[in-house]
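Two complexes come next, and they have one chain in common, subunit A, joined by subunit B in the first and subunit C in the second.
Here is the complex of A and B:
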């Protein structure tokens, strides 16, 4: 049995169903659809107010034709937040620790923004490759640099989300193991370690929400450039 | 005695010989007490194979019954969601047990 710190990121299967499948579908349980009532239940009231505020704030700087993306970006945000937060519960699996999933979310959406820009306003889209006010001799170099940065965007989006969540989970496991092992030997140090673990857990909750937000925000920025 | 079509009977009322017909003909739960399954209906195309499979597995049915009893109430508290979270944790533990059981008496983690 190979010992590895990354064992927590494997998705074990029971009766042929991988835990990843349940983890991917789990947010559905916690996000009910609004019913026919005028006044919905408290869970829905909280969720709809959050979604409404988030969507209006995200789409304020984007012009009208970009508002078609409201549904997909809002649902992406809700999904990422719920999946990240559910992954902080004990024994659960976090799908966003898998690079494959994050790249699968980032690359198609980024490519869609680029293609929309190239199709609808090719001059403006290509014009983004050269910042205003660049000195003459620097132009060729800067165009190459901006092209590289354009193509690195989906990789950065995916890897950012993966790395943040994986690192957080890994740190929690390490510090928890340390606290547990230290408890019989040096209880005082174990208590300090437990305090660090508590602070880290609070940080992880924040990171879970922030990373989802950053992902969607950057996507909306790429959209704003191109739409 | 008026005869009710087999597919519309509840499972308890279906006779053993009629079971095959009942399973094959099930579309959605015909029970009038249940609230409309707005969630699944909006997500899954009506009368598609996926909808039939989901209703056969009773997952949206179970979820809708739980949702309407504990969450979709006038003054629901944290209990409804908390019970679902605990259930999710328990489910994940069941899945992970085979992998985690090796950690019990391991010297180095």
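Here is the complex of A and C:
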């Protein structure tokens, strides 16, 4: 198959049959659910311990009424990590490189936090628009700025995730292409390029996990403000 | 018909080997056993054996009789060469990506695999240890209770000796008290009798004295003055004679 640089970002289809559903559901195959047994195998033990520790650490600063978000944020985290990591394999499609998907995750969740804040504690929610201790003349300007920043949040969340992953994948493809093309011509340079590719791969693995964590962390922060 | 065969053989394999766990529910389709989820067949201790991390050992065992030890390797090499030469797999930049991802993955697994596995095992072991500790504590407390009970029973045996000793004590006290009272009674009675005796003595003495006084008085009253002079003169002559006798005795 001849691949151009952007083939990896095309919505996958085989003979016209869209495979997006498989790409979206793929992580479910790799994550077993805790079953009937009291003592599980290693994978389940690690999975349950990780999810438990992550959720308790994430929700520690949020007060009790926000804890009902635990399920959605924990599962979002697991999903994003697994989808990002699976996307690092060759010839795979990463759903989170699509802005549509990331905005689809960010906007409803962000909007939910804003609406919850406005409904339950409107004064406090509006009060977030003005930081403490601002000098008098700056107040109108600052309110406008804070409102803009409030509305930029979902865009920032979505675009951050998209841009990081897309850029990372694209960079890997570019450097791999460079190494591939340089191999017959200048093998030494090709080897240096392969080294760079190796380091970049390590970075991409880290970025995949960190971006998922940042997404969920920021969402929990918005929740903490508003709940 | 073949599906029935599969079900029947699946039932037979229920408890055994690596497929056992997965076939527990097979008997439920034929309703040959009561539908219980416990006890579950045990999980195998280790995963399936693999060579080079991905190829199951069974493949090598399968090919060994016909192609020997190098059989599977030849198969792999041939497959790879076939895919490459027929351009079913094209080497492009993604191959480099795959190689670098593969290298990172293999490095991470080799380096951190054992420690992660040990951590997972530790999680499970802590769970088991907690339950075991509860059980051990219960057993220890019951053993302690048994020993305490035995000690109490031993104490109860000694209690009858204690009661006997106490009973002896009390009997001794009673006896002592009784003897004291007896003694006191005897003393009192003796005192009363002594008093009576003393009284009688006094009476007798007083009577005697009175009688002696009366006799003396009468005798002295009956002595006439003439008799008195006669007796005095006799006394004087007696005394003189006596004095002479002693004087003579003294000089001889």
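Definition applied: the second predicted complex is superposed on the first by the 220 of 227 C-alpha atoms of A that agree within 3 Å, B and C clash if a C-alpha of one lies under 4 Å from a C-alpha of the other, contacts with A are read in each partner's own complex, and residues count from 1 in each chain.
Basically, contacts are C-beta pairs under 8 Å (C-beta built on N, C-alpha and C of every residue); 3 or more make two chains touch, one makes a residue touch a chain.
Computed from a predicted structure; not experimentally measured.
After overlaying the two complexes on the shared chain, residue contacts for A:45 are found with subunit C alone; subunit B is out of touch.
When the shared chain is aligned, subunit C comes close enough to touch A:179, but subunit B does not. In the superposition on chain A, A:91 contacts both subunit B and subunit C. Contacts of A:14 after superposition: subunit B is touched, whereas subunit C is not reached. Contacts of A:29 after superposition: subunit B is touched, whereas subunit C is not reached.
In the superposition on chain A, A:110 makes contact with neither subunit B nor subunit C.
When the two complexes are overlaid on their common chain A, residue A:198 makes contact with subunit C while staying clear of subunit B.
Shared contact residues of subunit A with subunit B and subunit C: 1, 3, 36, 40-43, 89-91, 177. Those residues of subunit B that touch subunit A in the complex are listed here as 38-39, 42-43, 63, 67, 71-77, 80-81, 84-85, 88-89, 91-96, 98-100, 102, 106, 108-109. If you check the complex, the residues on subunit A that touch subunit B are 1, 3, 7, 10, 12-14, 19, 22-23, 26, 28-30, 32-33, 35-36, 40-43, 86, 89-93, 177, 181. Per the touch definition, subunit C reaches subunit A in the complex via residues 37, 40, 43, 90-101, 103-104, 116-117, 119-121, 123-124, 127-128.
Only residues 1-3, 36-43, 45-46, 49, 88-91, 172-173, 176-177, 179-180, 194, 197-198, 200-202, 205 of subunit A touch subunit C when the two sit together in their complex.
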